[in-house]
């Protein structure tokens, strides 16, 4: 597989996902054997218009595991002070001269697509705007489900927390919707429920889904519970009671309701969504997600650079 | 050629420039063949007292293309908080222990020369102060002219925009003045014209020059038009009318006045100096300049590190 | 020697120090021979919660000299905005997925130990909190004494300046106290004298020490004078006269009082503690300390990564 740009979750077909996961498995074996220098002549540019040290480190670790080099900035806006006002397009053209692949975190929805339209090297979207896409996060989440549950077809997933604004959950829902017999439970207080555009997409693709507010009721049903943060200040703003949040707090008690094979996932950072006492449970895979993130990003970088 | 420090444009003799350009050509072939790891044991430090992600990336890309390693900071002033007050000299001595070459962007004129006086490893000046030098930019500009016009002797160049404060234009004028039969047109509103020190230098070296304010009149005469930005706020400050700036705006209409072999150059970032419609024209080489910048900096780094 | 975490000076036994210094000597020979790529598949993460470009560069230079790769941030707090409030423990777990060793500069005493308790990869403490530890600085200081005086047993060291708050001096005193017949002179104004915890430690280990305020009197007695900064604003705060500081200023006059074999050391940055005229004197080794810092950190990184 030779990928071009990586812009949104929807661009990945089932056969592409299968191949990507195979390459990620292979990357795990390469790391276990001590690594590779196959991409030592390649340069990746981390071009971040917003801070996200975690995402940046994950991509840079992936590039280093491939043997490559990394140009890095978390203040891409200093390429073009507000006074100078350089366009994103001009910046991308310039950085295309410096690197073989650009990992772009932009502050506006559609930033990655604009960059891809002009770039002479592959663009990988590392998040573009609130409510935009973060496809590599969705891919690593899907890969974690695949590795943990052994299959994605027929998987039952509870997506929990702030579903309205969460880029991660939205991108993951798009991806899961591509698989047969998947069941999605959107579990959130009313004012944090999933938006209509996602539901329309799922309906169009014949994906079963349900909206719920009661997590305890759903837990025994699912293979995966994917927890995300509801910011307390948003709760108040949207007229919900602060106590509401405690219903979604996954601790040892709630864990007992979950089937023994099921996975507890979280995109991190977590605050009060999952108790630290859950960390040592074999079903807790949120730190595995970060490991898988490196593998998936290695696979993506190798695919856009050519292998 | 084994270069010591790279401090100012004037230090380069004609034979040095010829050799530098040959090495840059060779670097282009090396990249095309997949790159090199020849300098894998060498460390470059990017020591920037001012942000300039673009210049930093260009140098770091060059060092990576050579196979080398990069230490990087855009906040070199945190080496020595204002309270601590460490001298530039002490900082340079310390960084000399960490790297094999130091790329220095300093905020004061003469910063690079002060660093070179004390450093045990080569210093490359990546810009020192407003109105100071930025020799590697001038070298890449000269290299772009050489590659585009095939010769520098007898070349006719229009330097346009803010010629009073532009570090780039000043350094380039010094370099062009070394070649036979060169003609320089300084095209700017009166309050942005080139300073007397450059004109004295050119007179002393018998270089033909003219000061103009009318770009349209000059365009048919030249092999190169080198555009730079006039900040709107400076226009007002210096008593010029804002409309003045539109005379220097290069669009498709002005492009028609330019000979078919001529080059349109700009140090970037651009704002309202050149229309995006010009970008696709074969004469527009401002994005080639950024590519050439990597080659020239590879050649310079290889020269100071030894090849 | 296979080290685990590097958290505090006290963890190093005499045999460990001897082996570490042998490895550092070997690293010097490796650099002289042109370097190594032995650790090219290893990744070090610089995780700095406080700026310290100097310390960061020293570690990153060491990792590069070993052939390794570096993930770097000086704003580790952006991993977890104050609003998000991710724990240090969660951050360390995540970064453990990205790197083979974590160099941690934390803003709280005990930060490194907390990280080590949870990390799946080695933690190297690069300073944790005011009055905490900075063991690698103490090790490089000890190594510099060892290389300069040829032995550490029986060495007489004057520690000068702000001994109350200086992390460096405190860590070095712990290390020196491990050697036979060492004599320590704590030279400072009363309100900047060494704290009782260090004196208790030395008494328990039968180390000779004296507290002094007169530097001139002590200089003829010692093998090493280790100068540190007293911040002028602290002098006033603690009721000392500003002129007091001049007694501790090492210039050519004071240098004459020092034995010809003795060393002048300083952790840097210096301000008004040592005259620049002293720099060229063969006894001034403060810039050698920075060189030795890279060697010691190479030895430490090789030890935790395995060699």
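A, B and C label the chains in the order they appear, each numbered from 1.
Methods note: contacts are C-beta pairs under 8 Å (C-beta built on N, C-alpha and C of every residue); 3 or more make two chains touch, one makes a residue touch a chain.
What you see is a predicted model; the values in this text were computed from it and never measured.
Tell me the angle, as a multiple of 5 degrees, of the rotation that maps subunit A onto subunit C over the C-alpha atoms.
To bring subunit A onto subunit C, one rotates by 120 degrees.
Tell me whether subunit B and subunit C, two copies of the same sequence, contact each other through the same residue numbers or different ones, using over half shared as the line for same.
Mostly different residues: under half of the interface numbers shared.
Starting from the mean Cα coordinates of subunit B and subunit C, work out the distance between those two points in Å.
That pair's centroid distance is 41 Å.
Touching two or more other chains, which residues of subunit A qualify?
Only 72 qualify.
Can you check the complex and tell me which residues of subunit A touch subunit B?
40-41, 43, 45, 69, 71-73, 75-76, 78-80, 83-86, 89-91, 93-95, 97-99
Of all residues in subunit C, which touch subunit B in the complex?
Answer in residue numbers: 34-37, 51-54, 57-58, 60-61, 64-65, 67, 72, 74, 229, 231, 268-271, 276, 287, 290-291, 293-294.
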